[in-house]
Each structure stands twice: as C-alpha cells, then as structure tokens.
Amino acid sequence: MKKVMGDPEQVVGDALLGMSAAYPELLTVRRDPAVVLRAGGPRLGEVAVISGGGSGHEPLHAGFVGDGMLAAACPGPVFTSPTPDQMTAAIEASDSGAGVLLIVKNYTGDVLNFETAAELAEAEGHRVRTVVIDDDVAVTDSTHTAGRRGVGGTVLLEKIVGTAAAEGTDLDGCAALAEGIVATVRSMGVALSAPTVPHVGQPSFTLAEDELELGVGIHGEPGRERVPFVDAEHIVRSLLDPILADLPFAPGEEVLLFTNSLGATPQLELYTAHGIAERLLAERDIRVSRRLTGPYITSLDMQGISLTVLRMDGERARYWDAPVHTPALRWGR
Amino acid sequence: MACTGEDVRAALYRVVETVREHRDELVELDRVIGDGDHGENLRRGFDAWAAAPTGESPAEVLKQLATTLISKVGGAAGPLYGTAFLRASTAVRDLAELDAAAVVAALRAGLDGVVARGKAEPGDKTMVDALAPAVTAAESAVTVSEALEAAARAAAEGAEATRDLVARKGRASYLGERSAGHIDPGARSTALILRALLP
Amino acid sequence: MKKVMGDPEQVVGDALLGMSAAYPELLTVRRDPAVVLRAGGPRLGEVAVISGGGSGHEPLHAGFVGDGMLAAACPGPVFTSPTPDQMTAAIEASDSGAGVLLIVKNYTGDVLNFETAAELAEAEGHRVRTVVIDDDVAVTDSTHTAGRRGVGGTVLLEKIVGTAAAEGTDLDGCAALAEGIVATVRSMGVALSAPTVPHVGQPSFTLAEDELELGVGIHGEPGRERVPFVDAEHIVRSLLDPILADLPFAPGEEVLLFTNSLGATPQLELYTAHGIAERLLAERDIRVSRRLTGPYITSLDMQGISLTVLRMDGERARYWDAPVHTPALRWGR
Amino acid sequence: MACTGEDVRAALYRVVETVREHRDELVELDRVIGDGDHGENLRRGFDAWAAAPTGESPAEVLKQLATTLISKVGGAAGPLYGTAFLRASTAVRDLAELDAAAVVAALRAGLDGVVARGKAEPGDKTMVDALAPAVTAAESAVTVSEALEAAARAAAEGAEATRDLVARKGRASYLGERSAGHIDPGARSTALILRALLP
C-alpha cells in the first residue's frame, strides 16, 4: 500500500491540519474530539445543520462546511462512524438557540452514535432533529437488511437544507424540507476497483479484470452483484434503470442529475457517463434542470461512479441555486 | 473465586491483550463482509481504556470502560459494546465482589442492552449470536469461573455458527446471500472477549 | 484495463458531449475540429486567452473555459497535442479584434502545433501572441532536453491572465503579465502509480510497491528518478526543496501554494500533503497568502501529487481573487 | 522504374498498411521512453489519408498527405512528418514522374523540413537519426528502386542505432540516461515508412 501519509493512525488528523491550513477564512478545526466548524461561530436565529460520518469520503462532510451549507462536520476514523463526543461538541459549538438538524447517513454505526449524541444534547437543552438519509437503491430488501444506505443524495440534501437554514427557515421547516428530499432522491453506484483503507493495507475486495461491482457502497463494502465488465452505455443504464424504477420517476418530471466520481475515476470517464445519463433521461422525457458532476462523495481511491437523481420543485431549485461557499462547493460568492 | 474491582480490571487487561493480538484477524473478517475496521475500532477503544483506567468497584471499572468505548470506538461496535458494558455496570450496582449470579446478571444486562440498541435477533449474524448463547450457558453455573468458562465456550460455538448465516443486520446485510460462508466479526470479537475474561 | 468508456477512439468526443451537457450555460462545444468555447461568443475589446493540449489532464484546459479565465480550449487526443486546425478554429471563434494570447505548455508537439496555428491565424489577420510555460523543475538540464515541461503553473497562469483579459488588459499587457508569471512559478510532481492510457491499455510505467517516480510528468512519462517509497513528510520535502531552490524563493516572500492531485489521489492524502507544505514554507519564513488544493491538472488515473509555488504581488493577488466562473474553478459569482 | 502519382499513391497505401501492422509496436516503444501514443498518432493520420486520398501528380498526392497528417496526427510527429511530406511535395514540383534524383531531392527536402522544425541534430535520438543516413545512402543510387532500397536499409540501421543513444530532444529527453537502451519510436517509424515505399 502506497499512500501520501505519515502514521496511518494519524491520517485523519493530518488531513484536518491540511484542511484548516487550506481554508483559514472558512473553517475552524478542533481536535480531540475532532470537529470541523464554520468559522465565525453560531449565527443568531440560524438552524445549525450538522453532519458527520467516517472519513475517506472527502469532500463529504468537512468539505461542505461553510456559508449556505453545513455549520459543522464530525469526521470519524476512515470508514468508521464518529463518536457521540464529537457530535455533542459540534452541537455545543454551533447551536445559536435556533436548534440543530442532524443529517445522518443510514448505517448502523452512524445511526447509533448520532442517536446517543442527540439524547445527550437534548439533555443539555438543545433542540435537536435528526434526518436519516437512505437513498441507495442497491439495497433492495430493507426488512432483511440494515436498510438502504445513505450515499450521493446526502450532498444534495446538505446543500439544499443548509441554504434553507441560512435563509432563516426554522427547525421544523428544515426537517420537513429534509424529509421531503430523502423521500424523493435515489442513487446507485458501481465500482471498477476497490479502495485500500490505510489501517487495512490491502484492497477491500478483489475484482477481476473483467468484473464490475454493481451497487457498491462507499465503504468498500462489496456491492449487490458482481457482473461482467461492460461499456459506458451499459454501466450507466445499469445504474439509472433501478434508480428511475424505484421512486419511480415519471416522464415530464424535472430533476437534478448528480454524476459522482467514487474517487479515482478520471474526469474523461465521469463526463462520458454524465453525457450518457443526460441522453437516457431525455429519451424518457425526464427533464434535467440542474446538474452536479465531480468527486463529491468518494471512497478513497476506488474507481467507479455513482448516479443520483433528485426530484426538483421551485423551492428546491431556489435553495440549490442560492450562493454557497465551502471548500468543495462554491458559487454565487 | 469471587471477583473484585481489581479482578475485573485484571480481566479487562487480558481483553486488551486479546484485542491487540486479534486485531488483524478481526479486520480481515470485517474486510470480507463489512468495511474492514472492526479490529482497529476495538483496538483503538480498548487501548484508550488501558492508557488510563479508573474506578475501584466492579461497577466503576465497567462504567469507565463503557464511556471510553462509546467515545473512542465509533462504528456500530462502539455504541453496542459501550451499551453492553454500561448496562453490565448498572446490573452489578454497588457490589464490592461479584459472584456467579452477579456475573450472569451482568452478562444478561449486556445482552439486553445490545438488543435494545441494535434490534438484532438471534440468527441475524451479529454479536448477539455469540452473546445470547453465552448468557444461557452461564446461567446454570455455580462459580464465577464456571460461568465465564461456559459463556466463553458457548460464545465460541455461536460465533463459529454465524458462518452459515445470511446477515440481516449491520453492514454485512448489504451482501445478502453473499454474506454466508464467513464468520461475523462482532460475534468473533464477543467470543474472544469472553474467553479473555477468564484468567 | 477497465474504464467507463465506449470506443477508446471516441473517448475524448464522448467526454466533450458530457461536458457540454453538464454546463450548457457556460460552454459551447464544437466537434471536428474539437474546440470548447466560452458561451456567448467573443466579447468586444477583450483579449481571447486560449489554451489547449492533450486530453487526460482534466479539468485542464476545457474545465477552465468561462468567465474570467479561458475564451477557448483545444482538447487533443489523450496525451497528444491538438492540431493546428483546432487552434485556428478556436482563434477564429474567439478573437473579438483585441487579439489572442495562446498559452502553450512546453512540449515539442504542443509548441510545434501552436506555432503552425499562430502562423496561419496571423496570415488571416489575427494578432497572436504566444506564451510558453515551462515550470517543471524536475527537468534540470534544459540544453540537453526538450526543455522544462509546462505543468501546474499553467492553471495559475490561465486564471490570472484570463482575469486580466476579462478586465480589459490589452494583448501586450496580457503577454507581459504571462511572461512574468512563467518566470516566477515553479512546480514538481511525484507518482505513486502510473496512468493507463485508453488506446494503450496498460500502465505507462511500472512501479514496485516500494517505489516512487520522482519528478514525473503529466503524460505518464517516467520521471527524473525512481526513489524508495517514503512517508508524506519526505515526499513533500522532495518536491518542495527543488522548487524553492530553483527560482530561488527567498525568506519573507509572499506566494501562492497549489497542491495538486495528479488524478487518483484521495483528498485525505492531498490535504495531508498540503498541510505539510504549509508548515515547511512557514518554517522558511515564506508566507502563503493564497492557496489552491484539488485535482486541477491530472494524468488520468495516476496516483500522485504535484506542488506549485508562484511568487505573488498585488496585481497577481487582485486578478487571482477576482470572480471566475468555469466548470472547475468558480468563485465570486 | 519511374514513379507516377499513381505509384506514389500505391506506395503510400503500403505505408498505411505498415503503420496499421506496427501500431502496437510503436505504441510500446513510445510507452517505454515517451507517452505511448506514437503508433496511434500515425495510425490515426494515415488512416485519415487513406479514407479520402486526392491529387493526381506526385506533388499533389504528397501535399494532401502532408495536410492530412498536420491536421490529424497531433503531437510532435504530426508537424514533423507533415512538414517532411510538405517539403517533399514542393521539391518534386510539377514532375509527372519521379526519377531517382527527384526521389533523393524529396527525401533531402523532407529531412531539411524536420530539422528546420524540430532543431534536432544527428545523435539526439529522434527520427533524424533514421532519416539523415537514409538521405545520404540514397544519393549515389541510379534508379528509384535503388534509392528507396538504400534509404530503407540505412534508416533501419539508423533506427537500430538509436538504442544506444541518450535522448536530447522530444519527450524521451526527460528521461536523461534512462532513455538509453530503447529504440526511438520516431526513428523506427521512419524506417518502417521508408521500407514500405518499396513495392
């Protein structure tokens, strides 16, 4: 395993040092417990939207801390949910009195740790609402599993709800907006290669030269099915078909299309996939009115892509378009 | 043999050793059907405890371990093991020494805590499949050693038996049928921890 | 070789289709010859800053087309300089009459093809100035080589000069600003793994588990030296030392630090490297006043990083900070 | 044998075939000391020419090939080969048939063009190391066949001899001493092209 790192145990801490150096005006990074805060402290009357999860998915979540998105992020060790003390520290530092919305990706560890943190914070007098995002259609049978995973939809959720909070929407309003998004966003991913976790030192799974891992998660968990390698058109279809069938998305709808690199995918390939997805959606008369393309929720050095489709309406479009200023998403200022 | 706070701490030091020794094995089990961090998560948590253990009575020792695990382990295992030790601590109240009945009560409280938090049933291929048979096996024991011996043996069997199961909880559940054929890392770590409690 | 692509010969064309779908309001993509133009056509009185080069380095150059940066980009086949007909088409479509500044990375192929294009365009009555950037300190002895390569400095050059052009600086002024930047920017890269070119189908070079390719280029050309693998601190030193010694950069100076991913490097590692570079510069009393961190000039799926250091002054800082709106760099609007 | 426009076109079709056959070999040579595109660059250019060749006289045929290569090949080889064929076209003016002297003049003009554009000297490990000896060897020939035969033989030797050289031009120069031990892809393609001109 070759990585640009020092002590594997310090990899997250070392990266946080680098982030705080790279964005001194935007972020305040605290250690022990590790939290990434929006510089400038809580804003009067503004709901604090907070998220967190295992590291290794950068820029998620710390790269989305800033104006118009997250008030704070809690980075866990690589692929491991953070702990309640990080979350309560983030809540403590961010709650202006308007309350806190916790955005939690649906993994057992994340849910349990955020649950504990919410209890502790409420006991301290904070108003806390939690929204659990589970947009991954690769996990089909949710009564026999830990439920669908939270993946690409998280990025869109954090932007739209983060902006709503910045514009003064109250805690109930933010929570309702978030629940609505969770209900109408769907994603699926595919891996061409596995990530290598620093403390493991070898790839999380092994794919033959002619295999794809379809429905892969973002933690190097193997996916739903191992299928023969196919060309870009078929790869995109194998992601888009289950996504569209699931909600389902109907002809005439307006959507946001998010084509995501899972880490090590060259942009040539990512744009190839995006172009095909746009064409396939047009063929089905689904109108793409907003798009996002890039590495926004990754799995270390995994090669692969994911697609996310979110149903749009006027309110969501307005919050999406409004200014955002974070390390990884920035426009309008 | 009765069991003082000192004894509990000594037992937990053995657990720390075991977790260190088996870190790579647990990582490997989790790599195959999960995300490859279970061994590292537990190592981080138990090492953090070993660096600064406090408390006198069994309950105090267990409680401090529980809060350390909750704040250092993360993932699914952190809250689950944390809750288990927290409930165990509550179960032994202010006893200065634990007898077999207290040990069984602690084990049962731990199991109840895991089930309350994680909602797993036996057969879901989780740590419950090691812990639940351990509690049952310990119940008829007369001495602390017998209770722990029986628990460890049953947990080992239970962990081994998870190999044939299809996971319905935790990360391995995403694999569906493909999770069969591999031991559950959390069940394995439960068996290892229970075994290490015995001198 | 597994890639999200169709026909390997169409890989650039397919990606351009995707880019134009992803940024309909920003870009106009023409095929045959392939050029990526800023939407909206030439702007009266504004010098057109145009660049181009082989594909596979995305977002360079097409991802920098837009307001405040490039007027047009000419994407060649993967790792192969574009041809003069692309360049003359870009010039034809972009020259408002204020003239054209060609930004050319110093590679034999790029220089020769842009040379031909400049001659042809001048014969058609366009005023054309060319600036050749050669910031890679890995190529030491330039009398016995094709000269230093153009690498990371290109991104900074395109932003600063592109903004100067957008603010009305004339052709001579843009060219002088560009020459000044070329003279005071230095870069160097290191690879942990080799890229795989679609039409080759196997990695461009082979590195053992314990080897680094130091001074690697962005075309999968092997670097200056193969050295044993070391930790992040030593990797960063081995890039920064030759950079600082070369100009040389002196204590007390103000610089822009650009920490670049060569493609497949996880952000955790990139930020780790950035943090170390900031610390080493501070130790030498060199003041980092601007920074850029991310995958901006890449080599397909190569793992590795490059560092670029640019001497700053008030004019450069002002142009750097001014708004830019392109697919890959965006702020202020 | 004299050489009409028809003959030139036939010879170039043989070049197209050769380039296709040796594409992978040239890619591999370039992968080792360059960026792995030389074979693909030439294939793209010559295939584009073969898809729509025009022109009657030798000069016309050569000129159209030159402009196609300039607009389709890219990289260093596009302008260099393009210039070589453009200069060769100019050198044979309006001749309807080429004799040995005209062929030699075309080769020399091509070499001069490559040197004018690329500034390489013999020994720099480039296509010049195949083309320069080819021109010299062709000079004493009496027939077109003899001229091409001599040129092809000398180019092959020249290409082979680039193996021992350290590159001082083009991408391979970045490798310094490490470029020694490998044949230069452009020298190799020059030798292949000259060999294919012969029926």
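Letters A, B, C and D name the chains as they come in the text, with residue numbers starting at 1 for each one.
The working rule: a residue touches a chain if its C-beta (ideal position, glycine included) is under 8 Å from a C-beta of that chain, and two chains touch if they have at least 3 such contacts.
Everything numeric in this text was worked out from a predicted model, so none of it was measured.
Participant: Averaging over Cα atoms per chain, report the distance between subunit B and subunit C in Å.
Facilitator: The separation of the two C-alpha centroids amounts to 54 Å.
Participant: Measure off the straight-line distance from the CA centroid of subunit C to the CA centroid of subunit D, and report it in whole Å.
Facilitator: Centre separation, subunit C to subunit D: 32 Å.
Participant: So the centre of each chain is just the mean of its C-alpha atoms; given that, what is the distance between subunit A and subunit C in Å?
Facilitator: Going by mean C-alpha positions, subunit A sits 29 Å from subunit C.
Participant: CA centre of subunit B versus CA centre of subunit D: separation in Å?
Facilitator: 74
Participant: Listing for subunit D: what residues touch at least two other chains?
Facilitator: Not one residue in subunit D touches at least two other chains.
Participant: Find every residue in subunit C that makes contact with two or more other chains and list them.
Facilitator: Within subunit C, residues 78 contact more than one other chain.
Participant: Would you identify the shape of the chain contact graph, picking one of line, ring, star, complete or other?
Facilitator: The chain contacts form an open line.
Participant: Which of the chains touch, listed as pairs?
Facilitator: Chain-chain contacts present: A-B, A-C, C-D.
Participant: Write out the stretch or stretches of subunit A touching subunit C in their complex.
Facilitator: Its residues touching subunit C are 1-6, 11-12, 14-22, 55-56, 58-59, 63, 78, 192-193, 209, 212, 229, 231-233, 235, 259, 263-276, 278-279, 288, 291, 293, 295, 298, 300-301, 303, 305, 325, 330-333.
Participant: Which stretch or stretches of subunit B touch subunit A in the complex?
Facilitator: The contact residues of subunit B facing subunit A are 27, 31, 34-37, 40-41, 44, 70-80, 117-118, 167-171, 173-176, 178.
Participant: Taking the complex as given, what residues does subunit C use to touch subunit D?
Facilitator: On the subunit C side, the touching residues are 9, 33, 54, 76-85, 107-109, 112-113, 115-116, 138-139, 141, 144-146, 149, 197, 199-200, 202, 204-205, 217, 219-224.
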